[in-house]
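Below you'll find the structures, each written out as structure tokens.
What follows is chain A paired twice: with chain B in the first complex and chain C in the second.
Up next is the complex of A and B:
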């Protein structure tokens, strides 16, 4: 029971409290770039979630069974980037084959997941937080879902902004960034909520 | 020390090799064969991804062409040579691309178009346009700071009497000024154009007239006069459809405000020279 509770706390806290986009400000590029339309935002969110999970499945064993026994912890970043890049390539091939429409919709942003700091951030944070394999999987699932949540919320907001009469000097990127900061502020209100959930 | 370097090297190489092989396997199992036609077209294109064709890059343009959604004569850097080759690949006749030149649709000279305010700030059109649409009373006219002249690669634009003028014999048709103009009053017209609209105002007749003596007042005389149906008045401003225009000049004679004119450079100072 205690272990299960621990996993739920990790999952929820990475979705809500430590949301990668809105609290840690990682992965802002696709957050601003692909959030114009809801279906593309969902596609991007799901892709990032899948890549985060895949990355954790690959990077955790490599960290503990390859890098640490050889005392090569300092190679973590470069090896992880290598792994994530390959995984994204594999995902791209699958998408091209099985969902060409989504592949086309994501366009240039799919290759950008390759160098997405949120994905690398999850992989590295899992190690620095000292999570076990199962905990890592839950944490990266939570981070991915948090990213998806942020994307969906933000694409909804942006479609509302599109219908509004925005002062001309704020139009475009400016109002987008302001809106992003408001969502981020709203998420600050969730700090501490998970710790007290089971108290 | 050497052992450390070798293990680090070995591990990275091993991981890279592992994922490389995995990637190769996945590609050979699930990869999608690229359309031979797309590949051929892309190899013919210059491959500099300039975006002048209006697509995201050479690959995007190649795909659009292969699926028949784009004409083969849009590549500007490739010019006729590439267009011809693309026509052969696609099996279509290539229309000779018409030579286009940029044209400023405004004749709001200092004398004709009064100012509503004194502007004393950054001397670029973009900055001027950001303050209440610029100091000119007419909100659609040339701001005369020469943002277009600054980007012109052919030195074909000058500012004379408060508005930009384009020397069509120098214009190479790159379209950079069209993109740069914050008022969007420059457009590309065919080089052999005989008449053009010297106004972009969307204000109603009376207002337009008040803000600029040379403005189009949307009287629709030209629309009625044109024997070829090439002129329509859209948003209170005459627009010429150059695919129908024969250059007879009937509209220019009929226009009461002189905003439709045979193409020339009116009101240039007498001692003006393009080479100054």
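Up next is the complex of A and C:
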């Protein structure tokens, strides 16, 4: 039971409290870039979640069974980014071959994910936080879902901004960033919710 | 000033195409490491070192790297230099290493570096590429320090860790929190837009036109482009 509680806390805190986009700024480029329409936001969010999970499945064992036993911890950055880049490639080829429909939906977002810092960030954070394999999987699932949630919420806000009269110097990126700060402010209100969950 | 003189290449990175305030690249470290001036300066210098080194090496290898696999090659080169910088900072500046944490490793995926490799170093000789890296790096460091100064003075009533006595009772903690960073950055971009009166190559959206990854995701970009248009 204790272990289960722990997993729920990890999952919820990475979705709500330590939301990767809104409180740690990881993956903010696609957050600002691909959130104009709801369907794009969902597509990107789902792709990121899938890649984050796959990346954790690959990087965690490599860190603990290859890099550390051989004293190669300093190669972490290079190895992880290569693993993520090749995973994305393989996933794209695989989807193209076996599920053209899914490829049509998610395929366009995949190449953008290689240079998405949220994915590399999750992989590295799982190691520095000393999570076990199961904990890592839950934490990356939470981060992915948190990203998806933020994207969906923000796409709603963006569509409202598009209808507004915005002063010309604020148009574009400036107003987008300021709008993002409101969502981030709203999420700050959730701090502490997880700590008291089982109290 | 001649268009391609060495000075103009450096100044281009600092002013005309400032990566942070005009091109709006590398948003993630810009927001995350600017809660204090010390961290922001460290991040800027670390990025500057990686940028110069990777620009030089990629420029040297620009006739050797096959076009099809150039992006993975660039990423490996950049990741190598990031590791070197990481180890140096870990050894000599452990405080800074603690402060920057995961963001130091994330210099690998900073789109300024990949963008300059793709847009400049792969087409220009070594000397010019080094100068371009220097200019862009200084521009990035400068912008980071400006944002960090605003956030630290208003939010923590200190500058680079040194407390400012008369502001002690007027801390607005909002500015050192996540949303404050976004507001300051957004207002600065708007200010630049207003000052240049739209003359600067203003980036309207995060579209493919200004995206350094455009080259290797042709598929995604044309699809998105059509939808946006």
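Going forward, the second predicted complex is superposed on the first by the 183 of 199 C-alpha atoms of A that agree within 3 Å, B and C clash if a C-alpha of one lies under 4 Å from a C-alpha of the other, contacts with A are read in each partner's own complex, and residues count from 1 in each chain.
As a convention for this text, contacts are C-beta pairs under 8 Å (C-beta built on N, C-alpha and C of every residue); 3 or more make two chains touch, one makes a residue touch a chain.
The shown structure was predicted, so the numbers you read here are calculated from the model rather than taken from an experiment.
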First, second, both or neither for A:82, with chain B first and chain C second: both
Which of chain B and chain C A:4 touches, first, second, both or neither: neither
Partner chain(s) touched by A:169 [first = chain B, second = chain C, both, neither]: both
Touched partner set for A:72, first chain B, second chain C, both or neither: first
Which partner reaches more residues of chain A (counting touched residues only), chain B or chain C: C
Touching partner for A:181 - first (chain B), second (chain C), both, neither: second
Interface residues of chain A shared between complexes with chain B and chain C: 75, 78, 82, 107-108, 168-169
Chain A to chain B touching residues, read off their complex: 62, 66-67, 70-72, 75, 78-79, 82-83, 86-87, 89-90, 93-94, 96-97, 100, 107-108, 168-169
Chain A partner contacts - residues on chain C that touch it in the complex: 24, 27-28, 31-32, 71-72, 75-76, 79-80, 82-83, 86-87, 101-102, 105-106, 108-111, 114, 177-183, 185-187, 189-191, 193-194, 198, 202-207, 211, 213, 216-217, 219-220, 223-224, 227-228
Contacting residues of chain A [partner chain C, same complex]: 22-29, 32-34, 36-37, 40, 74-78, 81-82, 85, 107-112, 114-117, 120-121, 124-125, 128, 167-178, 180-182, 184-185, 188
Complex contacts: residues of chain B adjacent to chain A: 4, 7-8, 11-12, 15-16, 19-20, 22-23, 26-27, 30-32, 56, 130
